[in-house]
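Each structure below is given as structure tokens.
The following pair of complexes shares a single chain, chain A, combined with chain B in the former and chain C in the latter.
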Partner chain A sequence: METRSQIRARAFVKVWTAFVILVIYLPIICGALAGLSKGRYFGFPIRIFSTEWWGKTFASLEIQSLVQNSLLIAFIVTLVSVVFAFFGALAFARYDWRGRKLFQKAILLPVFFPQPVLGLALLLWFNALGINPSWQTAVVAHLVWIVPVVTLVIAIQVYSFDPTLEEAARDLGASRWFILREVTLPILWPGIWSGALFAFLLSWGNFPLSLYTAGVDSTIPKWLYSKMVAGYSPMVPALGTMSTLSAAVLLLAGGLAITLVRRRRADA
Partner chain B sequence: MSLAMISPAPPDTTTKTDDAVFPATAPVLQLVGVRKIFGDFAAVDGINVDIKEGEFVTIVGPSGSGKTTLLRMLAGMESPSEGYITLRGELINDVPANKRPTCLVFQSLALFPHKTVGENIEFPLKVRKMGAAERKARALELMRMVRLPEHYYAKNVMRCSGGEKQRVALARAFAYDPDVLFFDEPLSALDYKLKKALEKELKDLHRESGKTFVYITHSLEEAMVMSDRVGVMSRGRLVQIGTPEEIYTKPATRFVAEFFGEVNSFEVRRDGRDGWILGDGRSIIVAPTDEAIGDTATVIVRPETMRFVTGPSTADNLITGKIYNEYSLGSRMQYQVHSGGRIYLVEAARAAVLGLSSGGSVTIGWDAPDAIVVGG
Partner chain C sequence: MAAVTHAGTAGERNLLPAIPAGLRAAAPVAVLLVLGFLAPLLTVAAYAFATPKSFEVFRSFTLANFSAVFDPSNTVWMSFAWSLAYASATVALLAVIAYPIAYGLNRMFGKWSGLVGVLFVFPLFVSENVRLYGWVLFFIKNGVLDGGLKWLGFSGGPEVLYTPGAILFGMLYVYLPFMLFPMSLGIAMIPKDLVDAARDLGASRLMIWREIELPLAMPGILVGMLLTFVLGAGAIAESKILGGQSVITIAQDIEVAFTYAQNWPLGSALALLLVAIVSGLALYVLSKLDLDRILGKR
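Then we have the complex of A and B:
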């Protein structure tokens, strides 16, 4: 039997949660609405709604190439950072070695660099090395910042991994490769999967590093910014909304995949 | 000077290629002067022991005595700093765990949490690239052996109870078909009743399989129930090794005697050929003792051989005192008897049966053959 104060407390929690969600999502909703305006210029309230700019965004060849660039960069960054971060996470959390403490601190540091400074510093380096900035250099720049983040994400999973499992597998005759395939990787899989999601989303949405290091190649966030500064059209909020929605879909799908794997394991 | 120079010579391995010459009684595992040094600390400090084919040997010791390190060297997870380990006459010091025909059942069991019961048991078979159908048949056979119901085959291993997990771990170890099985106190996390039942099952399994078992535990009671031979370890050394009977009746040192639980111990010095006297000058009567024992010794009397002396009965050694405390051990009682500033332990049938009362004056005593004299 609930008392009156318990009912009141629950009602308060519900109202508060709704309020917080509203505050977080309202600006995104405003952005989404702006993309649905028929007018050329940004303004509220919206007089006539239309999907005209969404259509134009889909049809635009320029935007197609932006999406391709962003996808390509995010895809390569995800692949490379997961491989690096997997072994980095093992070094971070699984094995005890000389210099591990230093490594743990050093790997954290790039996460705290202000990204515009990191971007500029990398651009100066590419210049000094005589490398022309392009989407490839942007990949390198993203990696500098994203590999440490993914390493930490996977390391959390590695901390809960019992090393005697590997010892037991070895004792039962398994080779290193067999242990990695049959024991270590499957158990760390949820961590690796979340790390990959993080890598993709962080690269997909990254603006400061791409601004400095992508050269003449543009990405979605870079284009959004440049069109905000000069040459606004409702294609900006439309593309922004599409980008947010696709990130959300990816996140949901990823979350669903992890839940399904967990449930299948628990049900057996 | 290199470490190898002070180690004894490796055992003769020439017989290994010729089975006819190889004697049937040769030990399956042989340890010669095995030491393991971490930094400047010798975790295992010179172990010599032969383990015979099909034997159940248990190494007992308190935590930190080096028993786990010893087992890890036998299983191939550590290599000895000095000395030799041979398996069927072949030197295996540096043979890694996955190349040894031995298998360790871990204290934590180390079952693969993402695999089913069946997949866990089939793991070593999969390593050997056995076909799926054959693997399953073998797994089900092993599950029958360890008394796991057949429908557990597809069950998530993390959903099994503690006792069931033990059985899975055991079946997985047997699936590897090792020559020697090692156990790192796998029963320690179970409740008393289940533990007792599994100890007996393990012993049955040992007899039925005919394999060599090496078990380590800190519980001497567990060791006594299961083993053919018990070795007692302390500070990296094997203090004594023998049958459970020998360890109980003829402990080599005070440490071994006290490892069984509380005992009455008296520090004594020699007085003539077979006489021993206490610090206060009273003499103690014991059976004739080994010459090798020096001028000081410890006389140990177990609480169960100490008894109340009432009515017409008497004993070789007598002490009078007062019953100070009593504890129920179930079928028997343990009494603390206070006398001359000391507490003596007596295990007996209930005092009420003997007509004694708590706080009352009593006489306790023991007979000479029941006292154990150990050096030091």
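Then we have the complex of A and C:
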């Protein structure tokens, strides 16, 4: 039985959550509207809708190179960070070793750090090493921030993993490589895929690190920012919306795949 | 940090069987952190003591940059004050805004909580400048709010864009997920039987919240507050996009020193002070927490 005050609390939480979600998506919707309106300057209510700016954005060679940069960076970051974070997560959550508590805290520091300052610090460091900033240095910068995040994502999966399974395999004479391939990896796949999805999407949308560490190379968020500050055109909201939509599609597809794998495993 | 550097050297040696498995697994991440995080910070520290407006790092030692920061005629302390005030206000307001949602995700939404969670995660994957620019389109003259109100026959929307309040709003907007998810993990740590038992024994709703739920969820709430504070103290995009030039945050001062002013030593001194405040706080709070429990070790 629920009391009346419980019903009221439940209603309040639901209405509040719905309101906050609406506020969260409101600016994204505003951007979508601005990208779909005809004319150089934005005005509301929109008089004429058109896909003119979407077409121009698709046709632009400059934007094609931005998309290539962003994709390339995100792919490399995803690959490297998943490998690093997989082992990192085992060290974080699975193995009992002396430096573990320290490791757990050290790995959080880049996450608990203002990203613009991290980007500028890396810029200084690359300069001291004599490295010219380019998309490659942006990959390193993204890794410093994304590897810890992915480690945490995979670590959550590791916590639900029963270490006696590995021990049983070892007792039965399995080699270390065999155990990794046949026991550890299959159990951790959902966490690894979630981590990969996080890595790709966080790199794809990252702005402060790319701004300072990509040098003359540009990524989608960096280019958008330069146009917001000077030289607005409806291509800005149009490209912003395209970038958001691709992230949404990827998240949806990835989320569905992970759910399906989980469900199939639960049935088996 | 001693064990981390140790792990770094362990990775380069030829994986001797004597090295514990944990250390070996930690090695790649440890090397990355040393080369990509510790070394840049040490470079910043070294630059902070270099001759002002020069690039003579490691070759000169002076405190001139710090005395420039603390010089009474310099107004850079205003930027520090603004940034820390914004960060504190963001933490306080987001704690209130996020708590009901975090509670709902754990206790009320049932099978919907996964979907609601994803709806809150997704904005993290859209760069903050795109989302903040959406607010510019909303609040700007003839934008969605102003134009919409005029269309409905009102005299138009309020002028909120490019004010200090708009910056705070932008920060609340951008950092909400960083408060919400740690808080939600914290609330997940409250055993439901404990709450039921307290209720059966006649505890009031307020008493259950104050004596059981809040203390048990505290580690997660603290992580959320710490994360929000740190990110808020280093915020730059909100003031640039939504705030016009109405407020200069400390991260913006650092950026200007590094870019237009070409005064890397001064920028490094400012960055070092910000890092000292932020990491002092982070290390203090993290030392109080058991990360195994927060992330759900059974």
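Convention: the second predicted complex is superposed on the first by the 250 of 268 C-alpha atoms of A that agree within 3 Å, B and C clash if a C-alpha of one lies under 4 Å from a C-alpha of the other, contacts with A are read in each partner's own complex, and residues count from 1 in each chain.
Rule of thumb we're sticking to: contacts are C-beta pairs under 8 Å (C-beta built on N, C-alpha and C of every residue); 3 or more make two chains touch, one makes a residue touch a chain.
The model shown is predicted, which means the values in this text are computed figures rather than measured ones.
Once chain A is used to superpose the two complexes, chain B occupies space next to chain C without a clash.
When the two complexes are overlaid, the chain among chain B and chain C that reaches more residues of chain A is C.
Of the two partner chains, chain B is the only one touched by A:Thr164; chain C is not.
The superposition of the two structures on chain A yields an angle of 90 degrees at the Cα centre of chain A, opening toward chain B and chain C, reported in steps of 10. In the superposition on chain A, A:Val140 contacts chain C only, with no contact to chain B.
By the document's definition of touching, of the two partners only chain C reaches A:Phe113; chain B does not.
In the superposed model, A:Phe19 lies in contact with neither chain B nor chain C. Contacts of A:Phe49 after superposition: neither chain B nor chain C is touched. Here's the short version: in the overlay, chain B gets within 14 Å of chain C at its closest Cα pair. Shared contact residues of chain A, touching chain B in one structure and chain C in the other, are absent. Interface residues of chain B facing chain A in the complex, by the touch rule stated above, are 75-77, 96-98, 102-104, 106, 108, 110, 112-114, 116, 123-124, 126-128, 154-156, 158-159, 172-173, 176.
Those residues of chain A lying in contact with chain C across their complex are 5, 10, 12-14, 16-17, 20-21, 23-24, 26-31, 33-34, 42-45, 83-85, 87-88, 90-100, 102-118, 120-125, 128, 140-141, 143-144, 147-148, 151-152, 155-156, 159-160, 201-202, 204-208, 220-221, 224-225, 228-229, 236-237, 240, 243-244, 247-248, 251, 255.
The touching residues of chain C, when paired with chain A in their complex, are 1, 3-4, 6-7, 20-30, 32-33, 36-37, 39-41, 43-44, 47, 57, 97, 100-101, 103-104, 108-109, 116, 118-120, 122-138, 140, 142-144, 146-148, 151, 173, 176, 205, 226-227, 230-231, 233-237, 240-241, 251, 254-255, 258, 264, 267-268, 271, 274-275, 278-279, 282-283, 286-287, 291-292, 295-298. Against chain B, in their complex, chain A makes its touches with residues 162, 164-165, 167-175, 178, 182-183, 186-187, 265-268.
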